[in-house]
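What follows is a set of structures to go through.
Next, two complexes with chain A in common: one pairs it with chain B, the other with chain C.
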Partner chain A sequence: MADILQILILGLALGGVIALMGSGLSLVFGVMRIVNLAHPSLIIGGAYVTYWAFKMTGVDPIVMLPVASLIMAAIGVLLYRLMFERETKSAKYSEMTVLLTFALAMMVEGLLGGLFTNTQRVVSPDYATDAFFVGDIFIPKGQLYAGIVSLTIITALSLFLKYSRLGYAIRATTQNREAAELLGVNVNFICILAFAIGIGLAGAAGSLVSFVFSFFPAKHWEWVAMLMSVVVLGGMGSILGTVVAALMLSVIAAFVGTWIGATWSTLTFFLALFLILLVRPQGLFGEKPEMA
Partner chain B sequence: MMAVTLQQSSASAVVEARRAHNEKLARKVDQTRATWFPLTIMAALVALLLLQFTGNYNYLLHMVLFTASYVAMASGWNILGGFAGYISLGHSVFFVIGGYFSGMILARYGISTIITAPLAGLLAAVVGYLIGMVTLKVRGPSFIISSIALLMIARILFDNWELIGGANGVTLPVNDLPVQWAKVPYYYAMLAIAAFTIWASYKIKHSKFGLGLRAISKDEIKAESAGIDTRFYKVMAFALSAFFVGMAGAVWGEYLTYLRSNIFLVILVSANLVLMSILGGKGTVAGPVIGAILIVALNELFVATMGASEINILGTGMVMAVGLMFFPLGLVGTLARKGKLPRVLNWD
Partner chain C sequence: MSELLQVTNITAGYGDGPAILDGAHLTVEPGKVHCIIGPNGAGKSTLMKAICGMLTIRKGDVIFKGKRLNGMRPDQILREGICFVPQERALFPKMTVRENLRMGGFILDDKKELERRIEGILERFPILRERADQHAGTMSGGQQQTLAMARTLIIKPTIVMLDEPSLGLAPKIVQEMFDIMKMMSAEGVTVLLVEQNALMGLKNSDWGVVLDLGRTLFEGPAADVLADPRIQELYLGGKKAA
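Showing the complex of A and B:
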């Protein structure tokens, strides 16, 4: 019993981080119909920002989080204006953007690899290797903090989307682009804003990832399918769905990892992705079957 | 009664006249087609081996062989990605299936992969057919994502399957030819596979099947309502494209003399196939060939001048992004749209 509880807690803590990693992806797809394959590579970009800040000045990764997310958001604006704005008129827009973001992912990977080499890195603040003990059960502090921070950020994001004027505009654009434009929403500005928030979330996730996982530039290929499975299961564009799916899948993966073997735990995500696309392409909380 | 027969006969007369007219047009196109150009290049490549009598040109042979393998794979990818419009980022799965199937036969029974290559292709096609039955239910971005998932699943399976060496891979026996001539069998085998793929790609494009695929890529729902069995067409296209990739993989494995999943089963191989087809012009016969030549040359240039493989990845990504943004039709497609495609490159 204690075993099961232990695995459950570890799975949930990781799931919180994965939820933050996926939420930016989901937002960007919801508003702009861009399947951003470069998202994980940008997360690694955020992780490197945090890593160097920690290495050079000793700033705590969680303190560094807002800075990393602002830097990545600025990069996001630049990327959107350079690469995606001009594609909005293209006939095969979403297919085109998948390939473009794929190219972008390779560029980011190559750039990071060229600058920082492919060594495994991890940020190690004191709490990353420490744990709380509750009876027989241990809770790693690093993962717990990361999970809490990430769920806080997601809650703040949901509140922003739900209650602020800009949030209304973003949700309106998600639901119906033309109608939103007719009602006076500056759709292009909303797209830039949403893309910036999405990539900013990638930066924030990068800060947390930097001390939860070890990372290197080519690692994003492992994450891309993992995050896709989370986002597709949750229903692309639904933040709530992403959180639920992330917690669910990472708990399942934790059980698979302990009971069957660590190599097979990542397989959970890929198989899940495969099955969801076939059985229910719109995901748990998705409404639009147009992805199929 | 009279009126009906009259109508029928005049209708068939119209059909006859149209068929005659179409045949006349087709003959005209055939006459203006520069078939001598690919044939000359092929002859030159076959004769290239004579250089070995005058010195050591192994590097040149290697480059041609390498390019030929990518020509075969990119042309194969083009059947699904270009003609039918289903972009797959997981085609290196078929490369690894071909490589391991023939490679394991070579390691166990000593039968050369050149002989078993068609079988490897068939196996890849069967696997492709089965996977296609499942994944081709979705289209657009979902299909692309599912193909990436496929690649990841295959990677985990191949890394952990002890029978085929797991992550350590398998070492294959080296042939006992002198260094000067060691590449020869693979050189000719790969050239033959590449030539066969180009020929097949031309034949497919000009068949009823190819027409159906192109209809699917334009508008699948309309294609279906026009009576095309879209499901069967798509799955067949997937199987065919897997066939050529699998054959190339079989010969490539023996040429390398070892099999390891982190050589075959990487996303960069898949990305290269996509890149070559798109840069050359997807949906055209000549496009993937030209794309393959360009990308291999470019890669070689990057490696020779800058060395690091990271720069290579960066360069590949940049070429892909610029190509997609400014020439989405590719080299052949863009030239053809402007009516400036030289006759020697018009293989369609």
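Showing the complex of A and C:
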């Protein structure tokens, strides 16, 4: 029983971080229909920002999180204006963004590799190697903090989307771009904003990832499949779906990892992706794909 | 002439594509109901999109209260008081009825006033109050169209453009939509309507506009359009106007 609780807690904490990693991807797809394959590479960008800040000044990764997030958000604005803004009217927009972001992912990887080498890095604040003990159960502080911070950020994001004026505009643009424009929403501004928030979330996730996982520039290939399965299971564009899917898959992966073997644990995500696409392509909370 | 909106021989199209409208004109008088008729693909929807700023006007003018609207963005034209309800898909399906109404007042800065106006709308349309917290996408076609039309009233518009509000609705519900339209008109809102059923549209209107191949063929009092033998032949199925 304690075993099960232990695995469950570890799965949930990690699931929280994965949810944050996926939420920016989901938001950007929802609002702009951009399948951002470069999202995980930008998370690694955020992790490097956090790593170097820690190495040079000793600043705590969680304290660094808002800064990394803002830096990545600013990069997001530049990327959007450079790569996507002109293309929005193109009929092949969605297909094109897949190729564009694939190229971007490789460029980011190459750039990070050139700057920081391909050595594995990890940020090690004191709590990263410490744990709480509750009876027989041990909870690594690093994962617990990262999970809590992630879920707090996602809650804040959800409240922003649900209640603020800009949140209304973002949701409206997601659901019906033309109608939003007709009601006075400046959809181009909303796209820039949503993209900045999405990449800002990648930066925030990067700060947390920096002490939860070890990372190197090419690590994003592992994550892209994992995040895709989370976002597809949740229903492309649904933040709530992303969170539920991340927690679910992460817990399943934790059980698979313990009971069957660690190598099978990552396979959980890929198998899930495959099965969802076969059985329910719109995911848990997504809409049926339009048959246009 | 005391026209409110004057569209003179405009040319417009989508992106860099061919001109869809070429020689479309239109006169809108305050407080009246105007009906645009014409076959599928004539450019009726395109004309409305051009007026509300969603398409670039390449030639010609759109003058509203003496002011040129060409080149203005949709949000600017909305602020001038022209509201457009597109053919189908006017709503946010995963927002509640109340949230949809809030979006209707997106350009209003005074939040209290917005909530007051939403209350007013819910007062007048009991079906919307009943469904206030339901997702718009889960309502019936008629209820959705009611919401789309009611939503325009939030900003107290001068002109409301309705693109085929009767599309896909049962005849009884269609009558309800026309009743709402008449109520809007009675309150002083100027209505510009596109209607597939030319007879029904013209009978409920003061002014008729016949559009074909992107050009205005004829415009005049709705009764004249109904009586015109050529138009009866082409668009009214040869039926005698009652």
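In the analysis below, the second predicted complex is superposed on the first by the 288 of 292 C-alpha atoms of A that agree within 3 Å, B and C clash if a C-alpha of one lies under 4 Å from a C-alpha of the other, contacts with A are read in each partner's own complex, and residues count from 1 in each chain.
Note that in this section contacts are C-beta pairs under 8 Å (C-beta built on N, C-alpha and C of every residue); 3 or more make two chains touch, one makes a residue touch a chain.
Given the structure is predicted, the values throughout are model-derived calculations rather than measurements.
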Partner chain(s) touched by A:M56 [first = chain B, second = chain C, both, neither]: neither
Which of chain B and chain C A:A172 touches, first, second, both or neither: second
Which of chain B and chain C A:L271 touches, first, second, both or neither: first
Contacts of A:A2 with chain B and chain C, given as first, second, both or neither: neither
More chain A residues in contact [chain B versus chain C]: B
Contacts of A:A180 with chain B and chain C, given as first, second, both or neither: second
Touching partner for A:S229 - first (chain B), second (chain C), both, neither: first
Partner chain(s) touched by A:P281 [first = chain B, second = chain C, both, neither]: first
Partner chain(s) touched by A:L99 [first = chain B, second = chain C, both, neither]: first
Where chain A meets both chain C and chain B, residue numbers: none
Residues of chain A defined as touching chain C within the complex: 89, 165, 168-169, 171-172, 175-176, 178-186, 287
Residues of chain C touching chain A in the complex: 15, 52, 54, 73-75, 78-79, 83-84, 86, 89-95, 99, 102-104, 106-107
Residue ranges of chain A in contact with chain B within the complex: 35, 37, 83, 86-87, 90, 94-96, 98-100, 102-111, 113-114, 118, 217, 221-222, 224-225, 228-229, 232, 263-264, 266-267, 270-271, 273-274, 277-278, 281, 291-292
Chain A-facing residues of chain B, complex: 87, 89, 134-135, 137-142, 144-146, 148-150, 152-153, 156, 159-160, 267, 271, 274, 278, 308-318, 320-321, 324-325, 328
